[in-house]
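In the part that follows, the structures are each spelled out as structure tokens.
Two complexes are shown next, each including chain A; its partner changes from chain B in the first to chain C in the second.
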Partner chain A sequence: MTNSVHIVEEMQHQVHETADRAHYVNQWVMHHVTDSGEWHTPLWSLHLPPWISNNAVMLIITSFFLIIGFGSFFRYQKGKAPRGWTNALEVFVLFVRNEISIAYLGEKDGRKMAPLFLTFFFFILTANLMGLCPLFSTSTGNINVTMGLASITFFFMVFGAMYVNGPIKFFKAFAPEGVPWPILVILMPIEMIGLVIKCAALTIRLFANMLAGHIVVFSLVGLLVTFGLWALPALAMALAINLLEVFIAFLQAYVFTVLSAMFIGEMYHPAH
Partner chain B sequence: MNVAVFGAGLVVFAAALGIGWIGSSAMKAMSRQPEAASNIQTAMLIACALIEGVALFGAVICFLAN
Partner chain C sequence: MADSAHKTEVSHDTVETTQAHIGHGQDAHAEINPMEISGQMVVWTWVLFFITLGALYKVAWKPILGTLDKREEEIQESIDNAEVLRNEMAQLEAVKAEQLAEADAKSKKILETARNGAQEQAKAIEEKARDEAAILTENAHRDIDVSRALAEDGLRLKSAVWARELAGKLIDENLDDDKNRALTDKLIEEL
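Right after this comes the complex of A and B.
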């Protein structure tokens, strides 16, 4: 009798301990995916000054990496097919210019706007991949960063289209010809709100993809802390999800660029 | 049990249904028109991303509610 009571107490104790550890893991995951004023790594722990946060440091590193990387990998090779790293860069650059920029904006505007989409693509790609490297965190997993990127798209959707088409034609694009006015009264505000909603969707898509992916990876690693060695298979699963995240990093950079090009192209050429 | 967990399950269910549908249609289209495979793949990825965006809207709300 006393023995069984003892066993029940022991089991309850274990359940409480597991719940405590799960709570600890929960906080640990949240600490790792949210922005903070510190930069913790296994090697060093840095308390950043109040005017800069962890993700801002990551953004600066991303920018410097891109500038230095492109500067050192690109070699202008006259009169022949490029070789080495320049060739590898050319594959991506030509893909973004031909398949995204020119495909959605037309030959003339596409060539003019290609630098914007190249910047979007490489910046988001680098920031996404940086989140998968040890020591660094994901700056695109912060809604402020993705909103900043989407507001650039919004700027070109509104002011770029005004510059290209003129302000009158810009507003005319919201009112298709041959539509009776009672419908226009409803349609025009919806179209205008649609502008903002498109950019909000861009924001949330990139942010939530990056955040959710990292939460999944951290949670699977956290199962080891919660349940001990019994959860060792979760580590293999975490590795698999991490590899999936590499694919998603490319996919989301591509999707953000394509959708930006599509939205801007719609505003630049409202006829079709 | 938390309601947000139920919501997350619902989001996964609906997103899987939508993306599965797109995937199956794209497979059928690609097997019928193998030469158009690259165009179909691009369109498929964009449609998947749109659905994923809506699904993640739901997921984010579940996170916030939890």
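Right after this comes the complex of A and C.
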């Protein structure tokens, strides 16, 4: 009797202990995927000043990488075909300009707006990929960063379209011709709210994808903490998910850029 | 039992390490909200994005897109030049074909003219030969006629002489020479 009571107590103890560990793993995962005022690495631990957060530091590093990278990797030699990094990056530059910018905004506006979409693509891609590297964290897994990026799209959807078409044409775009006015009363506010919803969708899509991927990877690693060596196969799965995340990083950068171009293009050329 | 105690100790260590890692003064049980909105972070994003956009425009997009545009223009120019050359080639081909056709027609005409000339010449030569042959034949006929006439005259004369001699022999000495000659001439005329 005493023995069985002891076994039950032992089991209860183990259950509580596992629950405790799971709780801390949860805290650990959420701590690693959300923004904070610290930058922890296996090598150093920095307490950041209150005016800057970990994700802001990551964005600064992203900008730094991009400017230094493009400044040093792109080398054109007159009369010679591009080689190496120049050739590799040129494929992406051409793709973004021709298949995204010009495809959705037309020849004239597409060429003019190409630098914006190129920056969107490479900025998001670098931020996404940095999150997969040790020492760094995913700034695009922060809703405020994705909101900031989507608000830039919103800015061009509204003010860019006003600049291109004029304010009257901009508002006329919300009222399609031939629609009776009672329907317009309902349709116009919906169309205007649609602008915000499109940008909110951009925000959530990038944020959720990047956050979810990292939560999955950290949770799989967390299984090792919770269940010990029994959960070793989870490490292989985490590695596989991490590789998938590389693809997701490219895909999400592409999706954000394409949708931004599409939304801005719709506002620039409402007749189409 | 000892093993279980050891496991408990290890797991406590792990939890504490995790807690310490998360901690740094934070309450480990405090809820972390990934949806928390921070205006400061949005501003950071704007500032850094536009700095990146400006810097990349200067160091990357402007030179890269400029180079790509230039390359596209060069390729387009080459395509246009190739098109012009192709058209020129087609025109030259057409001129060449026309000239060949002209040369062919000319050579045929020359051959035709030469053939006609040769035929005419052959005809003329043949006619000339025929005329000459006719003249020769006519001359020959004339010669034959003259020769026949001469032969006939000679023969007639000879016959007359023979006849006179024969008649002289027959008549003997009755007739003198003057009478014989006159008779003979008369006979010859009659003949």
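General remarks:
Here, the second predicted complex is superposed on the first by the 272 of 272 C-alpha atoms of A that agree within 3 Å, B and C clash if a C-alpha of one lies under 4 Å from a C-alpha of the other, contacts with A are read in each partner's own complex, and residues count from 1 in each chain.
Keep in mind that, in the parts below, contacts are C-beta pairs under 8 Å (C-beta built on N, C-alpha and C of every residue); 3 or more make two chains touch, one makes a residue touch a chain.
What you are looking at is a predicted structure, and each value in this text was computed from that prediction instead of being measured.
Of the two partner chains placed by superposition, only chain B is touched by A:A201; chain C is not.
When the two complexes are overlaid on their common chain A, residue A:L251 makes contact with chain B while staying clear of chain C. In the superposition on chain A, A:N128 contacts neither chain B nor chain C. With both complexes placed on chain A, chain A has more residues touched by C than by the other of chain B and chain C. In the superposition on chain A, A:H13 makes contact with chain C only, while chain B stays out of contact range.
By the touch criterion defined above, A:S137 lies against neither chain B nor chain C after alignment on the C-alpha atoms of chain A.
Contact with chain B, but none with chain C, is seen for A:L259 once the two complexes are overlaid on the shared chain. Applying the stated contact rule after C-alpha superposition, one finds that A:S101 touches neither chain B nor chain C. In the superposition on chain A, A:A212 makes contact with chain B only, not with chain C. Judged by the document's definition of touching, chain A residues 211 lie at the interface with chain B and also at the interface with chain C.
Across the interface of their complex, chain B is touched by residues 99, 201, 204-205, 207-209, 211-212, 251-252, 254-255, 258-259, 262 of chain A.
Listing the residues of chain C that touch chain A in their complex gives 4, 8, 11, 14-15, 18-19, 21-22, 24, 28-29, 32-46, 48-49, 51-53, 55-57, 59-65, 67-69.
Within the complex formed with chain C, the residues of chain A that make contact are 10, 13, 17, 20-21, 23-25, 27-28, 30-31, 33-35, 38, 40, 47, 51-53, 55-56, 59-60, 62-63, 66-67, 70-71, 74, 76, 90, 93-94, 97, 111, 114-116, 118-119, 122-123, 141-145, 147-149, 151-152, 211, 225.
Chain B meets chain A in the complex at residues 42, 45-46, 49-50, 52-53, 56-57, 59-60, 63.
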